[in-house]
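Just below is one structure, and these are the notes that go with it.
Letters A, B, C and D mark the chains in the order given here, with residues in each chain numbered from 1 onward.
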Amino acid sequence: MPQVSDKPTRSFASDNNAGVHPEVLDAIARANQGHVIAYGDDPYTRSAIAKFEEHFGAGIDVFFTFNGTGANVLGLQALNRPYHAVLCSDYAHIYSDECGAPEKHTGCKLIPLPHQDGKITLDSVRHAYHGIGDQHHVQARVISITQSTEMGTVYRPEEVQALAQFAHEHEMFLHMDGARIANAAASLGQTLRQATRDLGVDVLSFGGTKNGIMGGEAVVFFNRQVSPDFLYLRKQGMQLASKMRFIAAQFEALLTNDLWRRSAEHANRMARVLEAEVRKIPQVKVAWKVEANGVFAQIPRHAIAKIKKHYFFYPWIEEECIVRWMCSFDTTEEDVKAFVKVVAETVEG
Amino acid sequence: MPQVSDKPTRSFASDNNAGVHPEVLDAIARANQGHVIAYGDDPYTRSAIAKFEEHFGAGIDVFFTFNGTGANVLGLQALNRPYHAVLCSDYAHIYSDECGAPEKHTGCKLIPLPHQDGKITLDSVRHAYHGIGDQHHVQARVISITQSTEMGTVYRPEEVQALAQFAHEHEMFLHMDGARIANAAASLGQTLRQATRDLGVDVLSFGGTKNGIMGGEAVVFFNRQVSPDFLYLRKQGMQLASKMRFIAAQFEALLTNDLWRRSAEHANRMARVLEAEVRKIPQVKVAWKVEANGVFAQIPRHAIAKIKKHYFFYPWIEEECIVRWMCSFDTTEEDVKAFVKVVAETVEG
Amino acid sequence: MPQVSDKPTRSFASDNNAGVHPEVLDAIARANQGHVIAYGDDPYTRSAIAKFEEHFGAGIDVFFTFNGTGANVLGLQALNRPYHAVLCSDYAHIYSDECGAPEKHTGCKLIPLPHQDGKITLDSVRHAYHGIGDQHHVQARVISITQSTEMGTVYRPEEVQALAQFAHEHEMFLHMDGARIANAAASLGQTLRQATRDLGVDVLSFGGTKNGIMGGEAVVFFNRQVSPDFLYLRKQGMQLASKMRFIAAQFEALLTNDLWRRSAEHANRMARVLEAEVRKIPQVKVAWKVEANGVFAQIPRHAIAKIKKHYFFYPWIEEECIVRWMCSFDTTEEDVKAFVKVVAETVEG
Amino acid sequence: MPQVSDKPTRSFASDNNAGVHPEVLDAIARANQGHVIAYGDDPYTRSAIAKFEEHFGAGIDVFFTFNGTGANVLGLQALNRPYHAVLCSDYAHIYSDECGAPEKHTGCKLIPLPHQDGKITLDSVRHAYHGIGDQHHVQARVISITQSTEMGTVYRPEEVQALAQFAHEHEMFLHMDGARIANAAASLGQTLRQATRDLGVDVLSFGGTKNGIMGGEAVVFFNRQVSPDFLYLRKQGMQLASKMRFIAAQFEALLTNDLWRRSAEHANRMARVLEAEVRKIPQVKVAWKVEANGVFAQIPRHAIAKIKKHYFFYPWIEEECIVRWMCSFDTTEEDVKAFVKVVAETVEG
């Protein structure tokens, strides 16, 4: 086993730099008894899916994948044929941060829309919806939104609803990249169902990894007309786990005793604490509303490298010196304060 | 958590029906401290790769993936452009059991060769190697073998060497699907390096899942000319883990104190015990040499469903009533005896 | 303009070595007046499609493509999603001679079946139809046959019907690669409709190029449930001609005054003449029934290169010294006699 | 044969609404003698390629395809692996008008850059060139420009050179969509070589269809390091013509006695005449410089449908009422005057 570095052990780089919540690790260990059939035909998987039905209601289809890329790409593939197009924010994770996986795997074009605080608007969708019926144009088929967004903001329920309505009125689907749907639902004070299915979402990538599990994502179909062949899409898409029970057990834990909400609320609260603290530093400007578990801040260019010596993090919009600081289920107020101290000292320098 | 069934908890259906080896689970737990950078830029991943270098020698490239499908498909993609072809057994896992993932993702044709006891021969490769330079034909580029094979046999070192030599003399590569390379090396009494790199293998899918880890596979490049862009192939191929440390830690455990060999030797030994026991039953005919951890047996048709009531397992060649029984790191002699007892009673019936 | 060689100007290498029938060339010239809208929205295209409806009946969809590869691949794509499989002869053009285009473009696996005189049998289809509902297996979705076959034989109507019936009973489709459907229909004394639609074919690649047009193929959908989005598949598949009228005019000519049948009957008759002549040569053995416009003959190995000095042609099964000689719309009895003379003199040598 | 409509027979909708230049049709007819080997191994193809070498110099590779989509997509595929990205104008034909063919076939992302009068600038390329070496990002590999542009403007030689230099300094390639390269070279008073190879272009789609041939495009590689396997890419990409001689003969004609330049200069001149005439109409505003064979004009919204009753044409930027009017090799001054008369009468209405 390696020696871990002596830098602060909890950074603000990403919620996927955190480890595994103890309740999740415990569930994994408890699932490790005897043999069960592989590839999902096991009691652990059935039990975890039943948990999803508790939260989202009956009449859904749930499939586990390894990661968010897999969940997003395969969820989109279920909705599309290759000449279709996906409308999404030009800052959408699927557009910018998956190394072209959606295009490669589905063959579809992703059409980047301008965003407002990370959210696409009904107007921008309307503007991009054209060329329908013209054989030279890709055919708009999916609106994909990220909830909470890549800017740490959260779509309001009525915003999601309006996009869903537009989609359904135009023979399109609404896809939600819910890598941080827990943070969004917690922020809105909604149940998981209220934050997704009830607003008209057709397919949800339900994120686990960034909310404290070891690894795994679920594709949740509220619209079952598009899911019957998803078993094959998943296998061919290289996302079928053989020892599925260990992914299932993690989701079971996440959905038990509202661990998902406890973790998300905690991370969100830490972000608000962080926001409050950095707002006290004149050289730091908070870029967007802090509505989930991330704070995006504009800081002096000279400070970026210096802070990174102590805490690794990512630039978000480099030319504007906007950086991203994320909180996790395990972030503590002490972590925040230690970090803010370093920031304050550095930006002044 | 679900109630597991009251059937025998260790079956002979597959080595991926087993759980996680305690040393591996322990390693996962120990890796769960603090934050580390995601996506592989962490000390656990570096340490695990160093372990690979201990076993395989320096000058290699190692990339972790989620599963065997991912390792095989992306390993092949690194060797191929879409007009290339892969020569493999018509019983190869990549040909028959990945729902067309290699074709879908690489665009390449897989050309099925007849097999002898699960192995392709130099002659069959020579016969399939044609149409080179003809624009109408796919261009043979890769020979892919599975070690140990899908029939439980093991290629002899000189057989692998001969295939590698043919490949390299014809500007081709040798790819090894090593989902059970540990069982093969253990069976041959070789080190991992002797069983792969030293024989001329260019790219290896190094299997972990079937040898007692929770989930993960490694693509090991002995030929580094084809690996420089594998980082992108993996990400775009949806196989990049964010919390990579937990896959790395599993491989670290597997390669520490020869856990890989201890587990593989045990499983192999159990298969030999199983073979010896079933050979005592006149109605059971062992189909191929038992050289790794599987016993393939021809049994009376009427018995198949009856045994399955007690122990789930897979048919292998249905029309010939050949079935597959696999042993795992955790199979015990008692398990074998209990199983054989059921078999014996059933086939007589 | 180049000087053409002084070898015999009409060879027996392939029906696509022939040029353009004068009636077709004339139609092209007549279509060259003024401007018309591109991409198929023009009177020539509408008129040609009406001709198809005359021959095949109303209620069909017809799309022109550039070539047979395009027609076959896109026709299959209309029937498949990437996890589906196509069952075809291991000598099928789509399997062996399109450089993997079907796999690359559709993502699907093509499953090679053994053939009898170039035809797949219902038994071989039944044997290959398995793994349905198993997520690890590609899902058989299409039976594809070539009419006339790659061995110059012709499926009997009842053989096509039986394959169509099996397909439709198993939620599959019957695809016909009709690169030489004209030769087959002429051979059977059937109309185009009797030879295709009436037998249960769902999608037909209607070949023009090998029957005397300059270049072009038509995808004809008798099953319109799979064609509504074919406009997009064709454009995205790079097979949409801008000056479509010039392809349309060729098909109009081919379907006018039964030019298709006149040309096909002539080529078939020349093949029978050729067969009769070569049967007189003891060293030449006709390999399969001559039912369309090709003669496949086993000849002494030493003769192959020698004949090729005078007449270029293709080996068909190299290890058995079986070669292919094709007749075209423009082959003359004198051509046949001159060729047979060279063959006779050479094989004796 | 259909009755063509009684609308004016030469429209201004597109240069591909025109027919075939008589010299090209004549060349096709002359190529129709006897048999020649198919798929490009014929004297006509060799002769046409020699013509390309006359114009572009020795040391190039030339491949004919059916159409511009094929030439562009396959040219890009020769330069890219699927994780690469292509930087191009957001109005580029490859980005907007090929129904997603580039993404589907190559797997690559196309990154839209803002344009200035149809041209991308070095600054916009610099801005989009980022994320290099980051596995989450597609890797910029190709700059693709259209010459003349989709706005009827022409890149200046030094502009092309600067983009080529940036590309080559950053291990990228410069691809030119030359659907109207003839119009650009004629406009600049350059030879074909001066307008392409000498400026640093790596791969050119050399357009024929819009300059008066029946159908065909050529992919011309000035950088031969990327072309060795293009034969396979073309065949697998469904763009290999069997009766290749008839495409070759068209290009031979186009490159003989500078037909390419005569036709392009004429079309360009007609566009300037059209421009001069419409500038006399106060309600018509010419949107961009008229540098090739197209005039883009902003006209009153009410007039669009009315003019279309007489002359079909395409809107270009609908919300700004900018429309496109194209001239062809066969446009006459009388055509222009008749058209302008209709425009003038209509916009006043």
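Annotations for the structure displayed:
Throughout what follows, a contact is a pair of C-beta atoms (placed from the backbone, for glycine too) under 8 Å apart; a residue touches a chain by one contact, two chains touch by 3 or more.
No experiment lies behind these values; they were computed from the predicted model shown.
The chains that touch subunit A as well as subunit D are B, C.
Interface comparison, A-B versus A-C: the higher number of contacting C-beta pairs is recorded for A-B.
Here the CA centre of subunit B is 42 Å from the CA centre of subunit C. If you average the CA atoms of subunit A and of subunit C, the two centres end up 50 Å from each other.
Per-chain CA centroids place subunit A at a distance of 33 Å from subunit B. Among the residues of subunit B, those touching two or more other chains are numbered 82-83, 98-100, 104, 107, 135-136, 232, 235-236, 240. Remark: subunit C residues 39, 81-83, 107, 135-136, 139, 229, 231-236, 240 touch subunit A in the complex. Residue ranges on subunit B touching subunit C, taken from their complex, read 82-83, 85, 96-100, 103-104, 107-110, 112, 130, 135-138, 318.
By the touch criterion given at the top, residues 1-5, 9-11, 13-14, 16-20, 25, 27-38, 43-44, 46-47, 66-70, 73, 98-101, 104-105, 209-210, 214-215, 232, 235-243, 246-247, 249, 252, 312, 328 of subunit A touch subunit B in their complex.
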